[in-house]
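Look at the two complexes coming up: subunit A is in both, with subunit B in one and subunit C in the other.
Here is the complex of A and B:
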């Protein structure tokens, strides 16, 4: 044989390799997301503007009909600020890579990734995260522009962004754990649809969670979903101080650990049922 | 003999699937009390492949070829028996094992549809830890050999099937795997693209000494590339050996053009061979192809002359495709 199968450059440690392929996957995902720039912008606008328009009309109607100046502790301008800011963070949370995983299991395309010397779930995440980073970059830019014209602070926005990215990782780990159901159930998409419904509700994407009566607040507080949109929005708008932010980041890391363990366990066990269908 | 790269001992694999009966009754039964069907895809396969050998895995659809490749590449476990590839248990999917193998699935795209090949190769470079200089030289060499250098910056989705498959093959061997599984790599390709890919694979096998298992329904692939074939039928190995021993047997094809158009049954009665061994030419109904024993050609010729006027006669070597077709029909 003329050469070894894998070259191992001098000084290249296993850690360096682990970092390198992850960055390469992120880069690859970003390029994929930006391959069709027009499509990217249209997707961003359509998925953001329609829900925002509905919310703005809804809040306007509520305030006009009730004649009140405050609703659930928020004034109309505060609700407007919440709606616009949550719009940016809701673009960062999630992504379609959980659906991609189910599709790959169902069609047998997972085989392509299983033979590679990288973890399939981690690989899918980093590629998807790369795609999401492109969106995050756009959101960041829009946020900065908005802050320039308002009284909000940039460091709050950056802290909110950090929480939203942590939320993105948690969302992926949770969704990927659920996607392992595709090893047992052919049409496991329904599981993700139900999950998405709960996430939309408890993440603060549709309504500010402060509207929920205090006696029921434990419901959303006992899920990690509020870290996806509601938490980052509160931080960016200056409603949560650094201490609350740090506490919730810690809670976020605890959730991340829990879902990492459940993800590893569910895939390690379920992969034995994989059949690699489709030729 | 070289050290074994692949060892398969009594490998069996079954699949269990739900049986769906027709109509509403069947739907309700499926919901509350489903019946299952167990299909034995592999029924005790045994073989050893030495390092550097180019082996063809052939058989009809559903024979078990792809199932065997999936087991060997670690995608699915065997139900029983033992498979070792480069000394590894494939299904344990150890890192060193995954770095040493590769699989090309003709019916599945492994590169990213919306990105140009060069960006996919760059990601593979990072995944397989290939240093940048080696990577550049290798991409340059492989794309030149397959004549796709100019297409490196074109999106995969914009390439023709043949060009895409060439890129898929480059992506699969860029890390110089020691074992390569090729599952119908020439499917859907035109004659020129198939030939180019075959030449490339042959050269790669000789230069790098990679062990290659190829499944294909294209017998040109098999006869040009493989020194050994494993013929699989219904999950069992029917033949294991040099494909030329199949075609160099005492059998040949006797081609005759007669003055009349007798039925194959009538001709069978006159010559004394089974009717299934006679084929009537679709384009020329007076021409017949007969699968006969070489040493008895003169005898058959004499029998033909007793009943018919013979306009032309010739002997053809049986193609691998035809021999395999016949083995399958037996």
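Here is the complex of A and C:
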């Protein structure tokens, strides 16, 4: 028996095992998400519809009640289109699995993962990604239905989805890097909470980033957060052509590389402090 | 004598929580910074909106910031005294941990909701007051003796948030995972941090009656700017009284259903 076969419990080849455990984690995550279907639907509806309702009301107030015809260069229908489309992409961005990592470190539960033949950060990602895939599937379906009734193009929507999924991976790598702070703090949730606040503003989930005044625009342009919601929405609405999409995908992959390196470095360095009793 | 027992229990809780905050100093500082960032994000949101428009449905930038100051102060008080306890509240019921509290010689609701304090939010209380003070005059707030009104309305906001949070948590007696409904509260909560004038009439009505999130900041701001009628004052009292009774009724009915673990 080869050493490769011995290294995994399934007894399959190394490559097969690498693929197998990832799919198993994704499947596990999806089952977890759908086990409580009532919860899944309530979560989806509340996290999606309430923020959208607030945005729609805000635009209504600005245009209908204040009598304006244009706001920061955008018309009322354009803002409505942005709000509805960004709703779909905002459901794909990130997840709460970075909080799971912090909880594992804090409680010492990380130990049970360290003895397993898979990387804990990757395992948590794929399990969380499984949960997100259930939501992504639902968003994709809703997007396809919406496109049927509008003038938008399906290939733009698919390109937007690709950017949103890339954004999801970047979000996780960034969050996991930050979650290494749990090795130093008893309760590092604050770091992720701050990150979530910045992300909600600079991802374009709350407002289209094009309405940010020019003198502050460098703030969101110098972060990868706009690739989570704003970028995909612009692509899906046909405001960014294939060239801009490709450029931003390249920027996304550059960010992905940067965060992958910082993640590796931060965990490799920080885990030395871990005592299995909490961070 | 009975009141003294409650005060002693509360004092012990405050003391223990205070010690915890000082043991985990870096955590306390980090949480304080996180809370300040939340305020910054709220202000940045309206800064962006108002950089493109001067008045939204009768609300100027200064009036909106004045409203935010009240909302932030009221929210800071709630977070200081109750928020952590309410996060744990559904688990108390779903995991049977309520047993311990029910056997104590003090009201279980009091113990369940007062047991976990968070002093990091006190900085937001100060920030909230600073915002009120800074934008108040330009918004039309007269100051002086009316600062007593600010204190009163912040207290009304605190009671409102307590009752609403309790209302969203108490369903845990009937649900396997009460945390879902508990989290739903925060989706509606997003309605509270915008001035009431922004919403269409029907939503304004809902926010003043069925889901009175407007009492946390919007109605207090309107009252302090002298725009609230006597009917509105009566309606605030009636709605809060009604919510108090409803919460108590649901708690008593829920306790009858409670079966310790996995209620």
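As a convention for this text, the second predicted complex is superposed on the first by the 262 of 279 C-alpha atoms of A that agree within 3 Å, B and C clash if a C-alpha of one lies under 4 Å from a C-alpha of the other, contacts with A are read in each partner's own complex, and residues count from 1 in each chain.
In this text, contacts are C-beta pairs under 8 Å (C-beta built on N, C-alpha and C of every residue); 3 or more make two chains touch, one makes a residue touch a chain.
Computed from a predicted model, the values in this text were never measured in an experiment.
By the document's definition of touching, of the two partners only subunit C reaches A:66; subunit B does not. Contact with subunit B, but none with subunit C, is seen for A:17 once the two complexes are overlaid on the shared chain.
By the touch criterion defined above, A:193 lies against subunit C but remains apart from subunit B after alignment on the C-alpha atoms of chain A. Of the two partner chains placed by the overlay, only subunit C lies in contact with A:54; subunit B stays clear of it.
In the superposed model, A:220 makes contact with neither subunit B nor subunit C.
Contacts of A:114 after superposition on the shared chain: subunit B is touched, whereas subunit C is not. In the superposed pair of complexes, A:260 makes contact with neither subunit B nor subunit C. Of the two partner chains, subunit B is the only one that A:25 touches; subunit C does not reach it. Contacts of A:201 after superposition on the shared chain: subunit C is touched, whereas subunit B is not. In the superposition on chain A, the residues of subunit A contacting both subunit B and subunit C are 36. Only residues 1-9, 12, 17, 20-21, 23-25, 27-28, 31-32, 35-36, 108-109, 111-112, 114-118, 272, 274-276, 278-279 of subunit A touch subunit B when the two sit together in their complex.
In the complex of the two chains, the subunit A residues touching subunit C come out as 36, 38-39, 42-43, 46-47, 50-51, 54, 57-58, 60-62, 65-66, 68, 71-72, 184-188, 190-191, 193-194, 197-198, 200-201, 206-207, 211-213, 216. Those residues of subunit C that touch subunit A in the complex are listed here as 24, 26-27, 30-31, 33-34, 37-38, 41, 44-45, 48-49, 51-53, 55-57, 176-177, 180-181, 183-184, 187-188, 190-191, 194, 197-200, 203. Contact residues on subunit B toward subunit A in their complex (touch as defined above): 15, 52, 66, 70, 73-77, 93, 95, 98-103, 105, 107-108, 110, 112, 114-115, 119-120, 122-123, 125-131, 134, 155, 175-178, 183, 207-210.
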